[in-house]
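First up is the structure itself, then whatever we jot down about it.
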Amino acid sequence: MLGNLKGLLVTLSSMLRKPVTYQYPKEHKPIENRYMGFPVLMWDSQISEPYCTGCMVCVRYCPTQCMTAVMKDNPLHAEGVSKRRKIVDSFEINFGRCIVCGICVDVCNFDAIEMSHEHELSKYARNDNRSDLTRLLEMGRKYQEETDWKPKTNAKESEEEASS
Amino acid sequence: MVDQDINKKLDTVQMMVNMGPQHPSTHGVFRMVLAVDGERIVDVEPHIGYLHRGSEKLCEGEIYVQIVTLFDRLDYLSNLNNEMVFCRAVEKLMELEIPERAEYIRVILCELNRVASHLLFIGTFGLDVGAMTPSMYMFRDREKIQSMFEAVTGARMMHNYIRIGGIKNDVPDDFIHRMKSLIVELKKGLEEADKLLSFNEIFLARTKNIGTMSAKMAIEYGVSGPSLRASGVPIDIRKDHPYSIYDRFDFGIPIGEIGDCWDRYYVRLEEVRQSISIMEQALYQLPDGDTITPTRFLLRPPKGEVYVRGENPRGEIGVYMISDGTDKPYRVKVRPPSFCNLMTIKDLLIDTYVADAVVILGSLDIVLGEVDR
Amino acid sequence: MSLIIDVGMRVSLILGLLTGLSVVVLSLVWVERKFLGRIQMRMGPMVVGPYGLLQPVADAIKLVAKEDLLSPWVDRIVYWIAPLAVFIPSFMIWVTIPISRDIVIRNMDMGLFYIIAFSVLSIVGLVAAGWASSNKYAVLGGFRAAAQLISYEIPLIMAVLGVAMLAQSLNLQEIVNQQDTYVYALVQPLGLLIFFIAGLAEIGRTPFDIHPAESEVVGGPFVEYSGAHWSIFFLAEYINTFAVAALTVLMFLGGWLLPGLSGGAITTVGVLVFFAKTYLVILIIFWFRGTFPRLRIDQLMSFGWKMLVPLSFLNIILTGCYMFYGWPAWLMSIISVTILASVFWLVSKRMNNTKKEYTVHIYKPESLEVKNAG
Amino acid sequence: MAEKDKAEEAIEPINRLDAKSIALQAMLPGIVSDFKVTINTAFDLVVVAVEPEEIKQICLLLRDNDETAFDYLLLLCVVDYEDYLQVVYHIYSTSLKHTLVVKTNVSPEEPSLESVTPVWKGADWYEREAHDLFGVSFNAHPSLSPLLLYEGFEGFPGRRNYEMPEYKEW
């Protein structure tokens, strides 16, 4: 009998405490700094071109094969503005297949892809979340603005290596 | 004559009740066909395989780094423990040295994951028995753990954080501070569950002496983890064959007495306390240093085969891996703890009531993602 | 002409009762969800209306507008009649439940008898619903409901009988009026407890929600019902809950009476007092729901037959002695409390005797060295 | 063929035995002397390769012998080496805390083996799984109905020569 009474007291005491709910659509739980949302492409605002060179490393290592990338010659390199010889022509990530594992970020040599904080991407049709280069870069710029993202130094070096 | 007629009219048949795969308390897509005589269960036929994704076959076509993500999805309530056991298998084969700090962080996070898993068990077990409040309290506490994971690994469930050779990146700066306050909150929440459920007379009546599993039966079936220890068999891989740095911590193994549902429940509750104690010790001892031994991304472990055991929240997980020297394993086979624990369901259920079936199944704490792989 | 007025009067009374009960049910749904939410440290409904006040209305609209799914194997006639067979009795008992002095649709001298007689009828509806649904869970739930309701009817009636003996009347107005010096809860704490527990079992509330047990028989007799038909069951369930709370208040807690309240104010303020008391009892019912696990059907039966039935008979005998020998009221309450305490003590002692079992050992091998990090 | 050679070399013994396994390795020949076995090592475990016909007797012997007392089946696994199927039993002793690997080879055409369910009840679902995915039939098993796959599934998806059905992007 005592156990029952104890239980009643526990529920009563927690009734008097503050609820822990987040009223979801109105208020969001704060996102942690390291939160891994869907991968997006980064924008090099100094030269105004994407970091991505379309080297296909992420495509090869993706466990679910959710990406495709195509490379082209960089017109800005010909003008001498950019160090990148090659640049991404088209890039597509199917967020419907992406499992947000972060392997693409690990393998990328150019710091071009990053796990953003994007996570609320529900759409009405199945393939509406196939994101092309423009959308990815747009999301990437949003991520760059939200956080003070900087390319890693070793990536800079490898970039120089690749372009030289 | 009359008697015979009566007998004829009173001829009874057993009722076949199909429980699952869409029953609310089969914990996933488990299905059992019960033959019941009134409320009493006469026969059980368990069916699994509704979540079979062929993970082991998939492993043969993926490189080692990618397999870690597959292991995340086996037992989706204790992802880090799964990752750890696979990474240990590869590390053992390659004879990699893991930095001290990485080991500590691994252990802290794995124990935290164990706590999260057990909290979920306590909550859902309460639901199975019919109390709806414990699940809410436990989810409240588990949510804090998930936030902690989010802060450390970047993901709430599918972390891909433990890597071959160490961990993905170092913990954030305020990790120790946050962990300490988290532990205090967890302790409080656990006490609440303990008071609310453990010694409630109705709960005792529902779980005491229900689904008793003897030690002999448990060993015969290869039951492991808390379900085995509830039967009074003190087997814990962390103690018997200490892996990682578990031999550095002072912790006990909770042992049940007769192996009924209540023992299985309380062993898990007690295990949370032990895990919290391990975390406290590990946080105290946490050294500085590197967090990963650099390896090539395209790993090629030497030829050979290896069997690695680890203690998951649900029991003993084992990974049997054969490497043929290429970048993909030749064969990966997982010993899924839930799979072995679930095998006993037929023996446990016979001659109990329909209401007990739910409780017994709940007390085994299965995860169908792991049973079906 | 007078006939027309009479009939019109009655029809409007019944419709008014229906409307009033619907409003009460809507309020109960809101109260339950909010209260359970707070118990579980949630907020409960918050979106529809201020503090989610319109949530039950939204739910009702959704339920009525919902497609009524029908399995092809159901026994249609029984299937359609069953909700009514549950709803009508639970509605009918409200005809004679007074909500304040002289505010009652029909003041019957056999009021309690009528209520008890009608409330038993709803079992038929539950069993019929279970049977007609052509679903095995529903059948199991229906059987459970039958077993549970029939066996808890006995202690319920016995507890009511104790009150009737005290008041020397079956009229609820009369029973309340008798309580103006002291409420019967003081004289018969045993009867109150038995009535409350048996009432919980009657309406299938936690810890006795065995026939609709969601984790076992997924809603019991109501599995196959949807939309408006399901909502009728729902309505009946809440009306029953309210009825049990109201009867508890009327029979044991003094109804609309409040110390210091007298004269003409009783009729008007009494309504508020009655509702306040009833909602308090209902909150206790919801509190139980938020706290307790569910019993198993055989444990429920053995609890009913081995504990409640003997206790209720004891209560009757005690009341009889009290009435016959003209004991003072305080003696009666002391005896009742003693019996209650001894039952509590016996149960706790039984638990304590077996307390040894209820532990888990911590096993630590001796050869354990605590190493420190290098 | 090249793959097969790789696989053959894959089980080349590497010796990382611990004390318990060394003791077990020394003890084993005396215990299983009646049978045709080869004792080997694989990384840190002792491996006993046995003939498929004798598997049940050996398992019974290993379980009932007091010195070995393997009362706990850790894992039953089938490995497809193209030329032959290898059934691997990882067994453990709960009292003596040592582990042993028992291996036996069966032909892939009509693999059949004595069931070890009488020895360890826990082999039940493992054997059903092996029957599902690799087509190894276990004699005297209580029921070999499909466990993970549905009734009437064609082929053995665990084997390496199983052709995956064409996968279409939605």
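When the chains are written out, they are named A, B, C and D in that same order, and each has its own residue count from 1.
In this section, a contact is a pair of C-beta atoms (placed from the backbone, for glycine too) under 8 Å apart; a residue touches a chain by one contact, two chains touch by 3 or more.
Note that the structure is a prediction, hence the values are computed from the model and not measured.
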{"item": "Chains linked by the largest number of contacting C-beta pairs", "value": "B-C"}
{"item": "Core chain by centroid distance, with centroids computed from Cα atoms only", "value": "B"}
{"item": "Relative to subunit D, chain with the most remote C-alpha centre", "value": "C"}
{"item": "Distance from subunit C to subunit A - Cα centre to Cα centre, in angstrom", "value": "55"}
{"item": "Inter-chain centre distance, subunit B versus subunit D - centres from mean C-alpha coordinates, in Å", "value": "25"}
{"item": "Approximate Å spacing (C-alpha centroids) for the pair subunit A, subunit B", "value": "31"}
{"item": "Whole-Å gap between the CA centroids of subunit A and subunit D", "value": "44"}
{"item": "Junction residues of subunit B, two or more chains touched", "value": "133, 137, 140, 196-197, 199-204"}
{"item": "Multi-chain contact sites of subunit D, meaning residues that touch two or more partners", "value": "none"}
{"item": "Sequence positions of subunit C contacting 2 or more other chains", "value": "39-42, 290-292, 347, 351"}
{"item": "Residue ranges of subunit A touching subunit B (in the complex, touch as defined)", "value": "1-4, 6-7, 9-11, 14, 20, 29, 32-36, 61, 63, 99-103, 106-107, 115"}
{"item": "Touching residues (chain side subunit A, partner subunit C) in the complex", "value": "1-4, 7-8, 10-12, 14-15, 17-21, 23"}
{"item": "Touch list for subunit C against partner subunit A, complex", "value": "35, 37-43, 46, 287-288, 290-292, 344, 347-348, 351"}
{"item": "Residues of subunit D that touch subunit B when the two form their complex", "value": "3, 6-7, 9-12, 14, 42-45, 71-75, 77, 79-80, 88, 90, 94, 97, 99, 101, 120-122, 124-125, 133, 146-150, 157-158, 160"}
{"item": "Interface residues, subunit C side, partner subunit B - complex", "value": "36, 39-42, 136-137, 139-140, 143-144, 206-207, 209-210, 213-218, 289-299, 347, 351, 357-365, 368-374"}
